[in-house]
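Worksheet: one structure, shown below.
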Amino acid sequence: MDKTLPDLATAVAGIEDGVTVMIGGFGGSGAPIELIHALIDRFLATGHPRDLTVVNNNAGNGHVGLAALIETGMVRKLICSFPRSADPVVFTERYLAGQIELELVPQGTLAERIRAGGAGIPAFYTPTSYGTDLARGKPVEVFEGRPYVQERWLKADYALVKAHLGDRLGNLTYRMAARNFNPLMCTAAATTIVQVSRIVDAGAIGPEAVITPGIFVQGVIEVPNPAQEEDLNRAQARYPEVAQ
Amino acid sequence: MDKTLPDLATAVAGIEDGVTVMIGGFGGSGAPIELIHALIDRFLATGHPRDLTVVNNNAGNGHVGLAALIETGMVRKLICSFPRSADPVVFTERYLAGQIELELVPQGTLAERIRAGGAGIPAFYTPTSYGTDLARGKPVEVFEGRPYVQERWLKADYALVKAHLGDRLGNLTYRMAARNFNPLMCTAAATTIVQVSRIVDAGAIGPEAVITPGIFVQGVIEVPNPAQEEDLNRAQARYPEVAQ
Amino acid sequence: MTAKLSPTQIAWRAAQDIADGAYVNLGIGFPEMVAKFQPPGRQAIFHTENGILGFGEAPPAGQEDWDLINAGKKAVTLKPGTAFFHHADSFAMVRGGHLDVAILGAYEVAENGDLANWSTGPKGVPAVGGAMDLVHGAKRVAVITDHVTKDGKPKLVKHCTLPLTGVGCVTRVYSSLAVIDIEGGRFVLREKLPSLSVDELQSLTGAEMLVPAPPADLIVPEL
Amino acid sequence: MTAKLSPTQIAWRAAQDIADGAYVNLGIGFPEMVAKFQPPGRQAIFHTENGILGFGEAPPAGQEDWDLINAGKKAVTLKPGTAFFHHADSFAMVRGGHLDVAILGAYEVAENGDLANWSTGPKGVPAVGGAMDLVHGAKRVAVITDHVTKDGKPKLVKHCTLPLTGVGCVTRVYSSLAVIDIEGGRFVLREKLPSLSVDELQSLTGAEMLVPAPPADLIVPEL
C-alpha cells in the first residue's frame, strides 16, 4: 500500500461540484496553500469544482489560499468561527453582497463537531452558546441542573490538510501550532488529502510520535518548502498571479 | 510551580472514603501498580479509604494491583468493560457473592464517557449498545435515520495514572500501548496523580512529543523501574506479600 | 457428524476476503488467527482496541514486552509504520467507520444480522469489551464460527435468544460448513463444503437460506 | 471626563489576581497585555485556543515563526515545558473547566453576569472565535474594559442589549474606574479610583452597585 500521490493536480482531481471540503489551518498556520491553489488551477482550467461548502476556522486573508478560493467564486458557503483577519476584504465583500453563505460556529464547537464527525458521534451537548443567537433552533437539555445545547457532527467529502512529515501509509506529524484543526479534519472526511513537507519511509516517524495515524489519510503529496500565508501576504501576493 | 510529590504515601494521602477513582491501564499495560499498592498500604494502616468506586477497563488479574485493591475490600463498585482476565478469581468471587457492584460499559463508550467528562460534554450519542441490554433505560434518538443511545460523561475525584516521562509541570509521555486510558483519565479527574518512570526537566519532553499537557495533572511521583502486572503474576506475587 | 472446517481453516477462508491495505480489527481469541493467513502480495493493517495500528506478529516466547499487547492481552510486535494512540482515538477509528473489516466470533447470528457474542445469560460475570463498538463501526462486520453448537444446535438462527451485541450488524458469516451473506434480512448461501448438500446444510441452519445461484465449493487447504 | 486607568493599567490590575501556576487564557487584543504584568515570583501558564500551552512572549520583529502563533495570529515563542495539541484537545481544556482564569474584553456586562463581546449587531461580518467557549469553561471569567463607551454610556448594565456571548458567566470586572464583582446577580463594588466618589461611579454604571464594605482604593502604577 502506498498513499503517495504523483502531483498536486492529481491530488485535487476528485473534488466535485457541490461537495463539502474541510480545509485545515488556523489563519495561515497549517493552511494547505498549495493544495488550495491546485484546486483553483483546476477551476480556472475546467470551471469545476464550484458551489463548494468550505469548513475552516477563518475566511482567508489577502488574496492567496482560502481568500483566493473565495475570490474565484468557487465557494457557495463557508462554515467558520472567525471570518476576520488582517486583510479580510475578499470574504467581507462577497458576504456583504450576499454572494456567499456563512454558518458561524463557536470555535470549540466547530472543533468538537468535526471530531464528532470523525468519531461517529452524531450529536453531543455543550454549554457553549447557550442563551445566545448561535443556539437558536437547537435543542436544549438540562444535565445536573445546567442547560446545554445539542450540537451535531460535521463531516466532509474531502479534507485538504497540511502536515509536516508523512509516510507512505499516511502517518503524519505536524509542525508546532500548525497542528490546530488538521488532525481533526483528517478524521472527518471521506477522502483526506495531505500535503507534507517531506515524505519519509514507514517507520521513520516513531510510533509514539505519530499524531495522525494513516487510517485517517487517503492521499499524501510532498510539497517541499510550502508557502506560508503570512509571507505571501506581506509580499502582497495574489493567486493566480495575474489578477482576474 | 512544581508538581512533583515526595513519596507514594503522600501521593495517595488525599483520597477519601466513597470517592470515585479512575485507574489507568488496559490489563497490566499502563497500570499504576505502585500507586495502587500505596493506596492499599494506607487502607491497611488506617482503614481508609473504603467504599471506593473504581473505573478501569478490567477487574484485575491475580492478586496484585487492581485485583489486590478489590481483595482488600476497599472497592464498593467497579465501572469497567471487561472483568475477565487470565486469573480473575478475586473479582469473580466478590461479584458472585454480591460483595461488589458492577457497571458494565462497552469499551468504546467507556473511553468516550471519560473523554466527555474531561472535555465538559455532559452527554453524547453513540450507535454502540443500541438494542442491547446495556442500553436499557437510556434515551434513544434517531439522527439521519439511524438510532443512537445517549450516554453521559464520566468524571472522577481522582485518577491514578502511569506514564513514562513526566516533567515538573506535569507534561507526560507514555510507553507504547501503555497509553490506552491513561491520557483520558488525566483529563476527567479533579485530581490526577501520575507515576512516571523518570522525572525530567521542563523542556526535556519536546512540545510536539507531549501526550498529556500538564494542565491535566496535579501531582507527579517518580517510580523508577515500575512493576509490570504480568511479571508479578507469573511470579505468583500477592500484595501485600503476606496473604490476608 | 459431517466433515467440517477447523477453526484454523475458517480463519484462512475469512482471510481470503481481506483486501491489500485494508484496516482490520480481529476479535480476541479465535478471530486473531485470521492475521496468519493473508494471501501473498496483500498486507492488511491491523487495529487493536487498546491503541495500536499496524502491529506485527507475536514475539518469540520470552521476548514479550507487556506494554506492547493486543486487545486479548497477548504480546505483539512493532512494524515500520506502527502508531500508538489513546483509547478514545482508538474507538473514534472504530465508531467513526474507518475500519474496513471487523471479524468477530459468535454465539448466535440471526438472519437479520443481529449478533449475540458477549453473554451466555445471567449466570457468571458479564464482560463486553469492545465488541458492541466494533459491530456498529466497521464498514463490514463478519463472523467466524462453527456452524452449530457443541450440542449440534444451529448458531445461525431466525432470532437470537441470547443477549444481543448489536442489531442488524453482521453481513457475512464464515462457518465451519459454509459462507453465508446476510442481505435484506435473509441468509444467502454463497459457498458450502462440497461434501454437503444444500438440504443437509439447511437442516443445520436455524432459518431459511436463500440460494439465488448454485453455491460455490468451499475449498480450504489442510492447515 | 474623570481620570481613568489606561488599558495597560487595567491589564496590570487584572494581572495582580492571577496566582502562581494558574492556567490562563487571555482574549485576543487588549487582554493579551495582561501577560506582561505578572507579579514577581509568580508565573502563570498561558493557553491559546489554537493549541499551545505554556508559550512565551512575542519574538523580536523579523524572527517570527508563523507556525507558532496565538489565537490573535500574533507570533509567540517556545518556553521549556510548552506543549502543542489539536483544536479539540484545546477546547477540552476550555470546556472541561481546566483553565483557572479567562480574561476577555466586553461591549457590555450585565449585573447577572451576562456578557456581550462578539457582535455589535446585524451590520457587518459576525465573528465569534473562541469567546463563547471560554465564558463557559474557565473556573473564573473576568472582563477588562473601559467603564463607559466612547460616548460615555455605561458598559456595566442592567441587561445587555447586544447579542450575548454567554449567560451569567462573568464574575469580576476590571474597569478603567473600578473593580467590581458579580455575586448573586448584582454588581458588588470592591475597588475604585480614589479620585472618584461612590456616587460618581454609580452614575457611570448602568445598574445599582452594592457596596457592602468601603471600597479599597484602586491604585495602579504609571505604565
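Letters A, B, C and D mark the chains as written, and numbering starts fresh at 1 in each.
Convention: contacts are C-beta pairs under 8 Å (C-beta built on N, C-alpha and C of every residue); 3 or more make two chains touch, one makes a residue touch a chain.
In this text, all values refer to a predicted model and were calculated from it rather than measured experimentally.
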item: Smallest number of contact steps required from chain B to reach chain C; value: 1
item: Higher-contact pair (C-beta pairs counted), A-D versus B-D; value: A-D
item: Farthest chain (mean CA position) relative to chain D; value: C
item: Between chain D and chain A, distance of the C-alpha-averaged centres to the nearest whole Å; value: 30
item: Distance from chain D to chain C - Cα centre to Cα centre, in angstrom; value: 56
item: Distance between chain centroids, defined by C-alpha means - chain B, chain D (Å); value: 37
item: Chain B residues counted as touching two or more neighbouring chains; value: 112, 115, 119-121, 126-127, 174, 176, 207-208, 211
item: For chain C, residues that touch 2 or more chains besides their own; value: 52, 84-85, 88, 91, 94-95, 136-137
item: Chain-to-chain touches, reported pairwise for every pair that qualifies; value: A-B, A-C, A-D, B-C, B-D
item: Complex interface listing, chain A residues touching chain B; value: 112, 116, 119-127, 141, 143-144, 146, 148, 152, 173-174, 176, 207-209, 211
item: Residues of chain D touching chain A in the complex; value: 48-52, 64-69, 73, 84-88, 90-91, 94-95, 114, 119, 124-133, 136-137, 163-167
item: Residues of chain D defined as touching chain B within the complex; value: 20-21, 23, 43, 45, 47, 52-54, 78-85, 88-89, 91-99, 136-137
item: Contacting residues of chain A [partner chain D, same complex]; value: 26-30, 57, 59, 81-86, 88, 91-92, 95-96, 102, 104-112, 114-115, 126-134, 174-184, 211, 228-231
item: Residues of chain B defined as touching chain D within the complex; value: 1, 115, 117-121, 167-169, 171, 187, 201-203, 207-208, 210, 213-216
